[in-house]
Amino acid sequence: GGGSQSSGGLTLEKGTLTVGMEIGYPPMEYYADDGKTPIGFDVSMAKALAAKMGLKVKFVDTAWDGIFAGVDTSKYDCIMSSVTITDARKAAHNFTKPYVGNAMALVLLKNSAIKAKNPSELVGLGVAYQEETTADFYMTDLAAKGLRFTPYEYDKVMYCFDELKLGRVDAIVTDSLVAVDYVAPADSPFEIVWQGPADEVFGICLKKGNDALTAELDKALDALFADGTMLKISKEIFGGVDMVSAARN
Amino acid sequence: MSMVKTVGINKSFGQLKVLKDVSLTVEQKEVVCIIGPSGAGKSTYLRSLNKLEQIDDGQIYIEDKLLFDCKDGVNHVKMPAAERNKSLLEVGMVFQRFNLFPHKTVLENVMLAPVHVRKYPDGEAKQKAKTLIHRVGLADKLDSYPSQLSGGQQQRVAIARALAMEPRIMLFDEPTSALDPELVGEVLTVMKGLANDGMTMLVVTHEMGFAREAADRVVFMCDGSILEIASPSEIFSNPRNDRTRQFLQSVL
Amino acid sequence: MSMVKTVGINKSFGQLKVLKDVSLTVEQKEVVCIIGPSGAGKSTYLRSLNKLEQIDDGQIYIEDKLLFDCKDGVNHVKMPAAERNKSLLEVGMVFQRFNLFPHKTVLENVMLAPVHVRKYPDGEAKQKAKTLIHRVGLADKLDSYPSQLSGGQQQRVAIARALAMEPRIMLFDEPTSALDPELVGEVLTVMKGLANDGMTMLVVTHEMGFAREAADRVVFMCDGSILEIASPSEIFSNPRNDRTRQFLQSVL
Amino acid sequence: MDTLQKILSWVPPLLGGARVTIGLTLLAVSAGVILSLFLALGKMSKYKWVNKFCSAYIFFFRGTPLLMQLYFIYYALPLMLPVFIIRTGDQFFDRFIPAFIAFALNSAAYCAEIIRAAIQSIDKGQFEASRALGLSYPLTMSLVVVPQAIRRLIPPIGNEFIMVLKDASLVSMIALVDITKATRNIEGSTRSALVYIPAMILYLIITAVFTFAFHKLEKKYSVYE
Amino acid sequence: MDTLQKILSWVPPLLGGARVTIGLTLLAVSAGVILSLFLALGKMSKYKWVNKFCSAYIFFFRGTPLLMQLYFIYYALPLMLPVFIIRTGDQFFDRFIPAFIAFALNSAAYCAEIIRAAIQSIDKGQFEASRALGLSYPLTMSLVVVPQAIRRLIPPIGNEFIMVLKDASLVSMIALVDITKATRNIEGSTRSALVYIPAMILYLIITAVFTFAFHKLEKKYSVYE
């Protein structure tokens, strides 16, 4: 594409877009059944973006704890890992425009005895979430406002769901895009009982001040929206549902 | 009645034949010394009397009672284990390296077996232990731990400990060879006292002076066989066997 | 010229005074035996001649050269370390527990110091080592490891190893007391040979037979002091000091 | 001054974590020692199958990472076989108990080898003297061997204790708030790594205190030496 | 049949993880042993400050959890002091090298105690005989003490090696794909815990092979015993 010449010099490794992601966040980024091939929404998007920019793409699996430090210390060009755009993060990092819509979600077991209809009714309960994520911030915020619950923090979101299934926590707070994937199977033991406002949109995160590459990525992203690629990826991943368009409104 | 009688004992460790047809009878109140070079099988013989080693072939009688009649390592004497063990209690043993229980005081060392094996009441066992410790000259060391005693003192405690079980025969396996030369005397004195009091004793030793003075008979063992049995005066002044003569020359 | 001369040596371990004003002179070609009870300080004295122990007070001369003149643990003889070490090479030592290097063969044990300390060329050191090993009767054990030898053989290797440094005086610290009685003879024979060849020797021993036969003078030490020095015949037949008499009675 | 105040405010959560770290360690090593007694005797047993089972147990738990054992016991096993789901009605214990089980099973394997070595280090002469005095095997063990082995056990068991104390940091993976997890929580909220300093000091203090305690204990059991 | 095929498909990623596990262990223990030589000699040194520094180093690394040391070296230190940022131009090495550093520094502390114990276990008589023969301290060390110590080092260093092999599972926390991380990846994508079984077996095989190798090595160095 047209950006190929201009983008080449902007990346850490010439000709390659190095993408940091916490692989293990289905359906956004996770490993295929072989345990080593990254797949998912962000993976497809990254490939399409790189193709648009005339770059090769390389994925770097990173623990979520430390993923921002990684981009700060230039271990990769950008993070495409379901990063929710927040004010605090914006102050410390560059972001592209949002690319997918998302909300905070509360997940319980089906037929749960727990009657909470939203997170502020989780008083006295054990709540699982992934550490250092927006779910963590959301619950920490509620705690600061006086909600008394027991937090259970995990380094991978999959353990939150394991824990709920085993009955060792009462509820999970997580991104709705993840939650829908876990409740989708017919025999899923989980259900989503609440979704917050749909303003928890995801963007690509870059090192503060890396404006040139941010601009290039935004340009390529716009192009993918324009040519329908984003919609196609969304429908593929989310069973025919369009989760992307709302992020652009 | 003989105290200990062995007939045709054989014993191998793997390929190595350590005892070859060893027959010996020790009469009551007799003191028999076994001498011989290192590796002769002296310790193995002594230990087999006490079931510390399992013999391959041969018979062992204690006080005329047949306890072992072995063929290819299998004992053919049918007898309840408890009964055999009871007979074996007639045999006391003193080791080269004392083998006192380091975590017990002198008194506890001597009392332990009478209380737990003979089931003597505590008070009685204690009284008897004290008497025995007194007899070996350590009345002032009742509450010492073995590590606080000299080698000679430890060996005397070991003798008292063995005597506390009221054995009818005492086996000694080089009881003085781990001792400083100065300390050998005190242990030999105790042993001579025992002999004088009529204890039956079978003593492996390198102390030719003791053998000469205290033994009724001296046995010379070499390469797993008994080569000569004689009175001390005979064996020391006029050994019949060449190997005996050679050995005595090297150690005297 | 005397080989070793010590004047007023004192040495303490903490509160324990182990050597008290020990003065002794060993002339060239003289064989001096030190006897005495355990804890007398015999080993400590021997080791202080070799800098294995640091004396507190007193003087040590080797071949009339003053190497140590100590006061309160400080040596006041100013001399390059290399020079002192060179003089100390005149003193060879044989230990009770042999202390051979277990990872080296017999030949390597004997060659090691000549090659690395005296810087002898390999070939020459090897030739000399072989001669010495032959002399102690182990020509067929050149490539054996110490663990493959009997105690007596090991001690003979240790003697050859010490001799390989061509010392002018040899110290022996109970060279036979870790040995089985049968093996004592072979070591004493080698030592007697050395004495006959004119080696100056200072020997701590419990072997009264050796002292009687080989020593020019016998020193009796007790509680850190020299109590008696006399010829063997004198000291064994007619000890002047009570403590000497008592000691000799207990060991003879 | 401000920094000091900040650090002081971290002390209560760190101490809360220390309770979990120390509690888990004490319980797991205690249970491990008891279990290991059977394993050690089993591995020295003449019954072939007892012997094989104990050897396999020890080989397995010493041959795989504790982290993996923890994941397996905490997640995999209950997910595969629901009988292994532990429900106490208290979410803290729902995770503390599996962690305790994993650590105790693991520690048992290490302690078993320690106990075996200690028993085998007892001079053969002690067994022979006991035999010569007519003591039965159980009497020999209980009156002569075990009392002597205990003193030799204290240093290596103390070592194992310190090992488990540090390995307890793994429970942060299953959302138990030990010292390490408390540290990372504070690190996350303050966005500063300063908290590592008091946390490491806390670990060092705990290690030192327990090392000292085991040293005292060893001394106490060495009167006779 | 299908299950078998599935399990077989996990073998390549698990073996890939094994390369990281084994590579990290080999490098870290080798570096640790070299470093530990200085620490051990330092701790036996008569220079007070050298001695104190080495003791403090050993106390610190043995007294705090490896997981915390890893977090500290990988996350906290570079954030506080940018000089500690390691950039190689290769993502794998960017995390492998800090992990290697953490493991080597940690292992050095343990190996130092092993080496010290081995040297101190050499019979005092060996030093005395060397002295009596006129050997200087360096000659005594290099010709007499170290060659003997080496054989005694092999079993405990082998043990330490196996320990590090298992501790290497901690690198899954910094997203280095060792065996444990590969296992967790497969667990995540298959949503089944079956993968733990081949993973544990792989660990056991590796442990067994290295145990055997160290055993052989020990034998080779014991000709003279």
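Letters A, B, C, D and E mark the chains in the order given here, with residues in each chain numbered from 1 onward.
Everything that follows uses one rule, which is that a residue touches a chain if its C-beta (ideal position, glycine included) is under 8 Å from a C-beta of that chain, and two chains touch if they have at least 3 such contacts.
This is a predicted model, so every value here is computed, not measured.
Visitor: Can you name the chains that touch chain D as well as chain E?
Guide: Touching chain D as well as chain E, we find A.
Visitor: Which is the least count of steps on a path of touching chains running from chain C to chain E?
Guide: 1
Visitor: Could you tell me between which two chains the number of C-beta pairs in contact is largest?
Guide: Per-pair contact counts point to D-E as the maximum.
Visitor: From the C-alpha centres, identify the chain that is farthest from chain D.
Guide: Looking at centroid distances, C is the chain farthest away.
Visitor: Quick one: point me to the chain whose Cα centre is farthest from that of chain B.
Guide: A
Visitor: Cα centroid separation between chain B and chain C, in whole Å?
Guide: 38
Visitor: Just how far, in Å, is the C-alpha centre of chain E from the one of chain B?
Guide: Taking the mean C-alpha position of each chain, the two centres sit 53 Å apart.
Visitor: Which whole number of Å gives the spacing of the CA centres of chain A and chain B?
Guide: 84
Visitor: Would you kindly tell me how far, in whole Å, the mean C-alpha position of chain D lies from that of chain B?
Guide: 46
Visitor: Multi-chain contacts only, two chains or more: what residues does chain D have there?
Guide: 75, 79, 173, 184
Visitor: Mind pulling the residue numbers of chain C that touch at least two other chains?
Guide: Not one residue in chain C touches at least two other chains.
Visitor: Which chain A residues sit where two or more other chains touch them?
Guide: In chain A, the residues touching two or more other chains are 65, 155.
Visitor: For this entry, which pairs of chains touch?
Guide: Listed in label order, the chain pairs in contact are A-D, A-E, B-C, B-D, C-E, D-E.
Visitor: Name, in rising order, each residue of chain B that touches chain D in their complex.
Guide: Touching chain D: residues 47, 50-52, 85, 88-89, 91-93, 95, 97, 99-104, 112-113, 116-117, 145-147, 158, 161-162, 165 of chain B.
Visitor: Given the complex with chain A, which residues does chain D contribute to the contact?
Guide: 75, 78-79, 85, 87, 91-92, 94-95, 173-175, 181, 184-185, 188-189
Visitor: Using the touch rule from the top, collect the residues of chain A that touch chain D in their complex.
Guide: Residues 65, 126, 128, 131-132, 136, 140, 150, 152-155, 159, 162-163, 165-170 of chain A touch chain D in their complex.
Visitor: Taking the complex as given, what residues does chain D use to touch chain E?
Guide: Touch list, chain D to chain E: 59-60, 62-68, 71-72, 75-77, 79-80, 162, 166-170, 172-173, 180, 183-184, 187, 193, 196, 199-200, 203-204, 207-208.
Visitor: Considering only the defined contacts, which chain B positions touch chain C in the complex?
Guide: 37-38, 180-182, 185, 206, 247, 250-251
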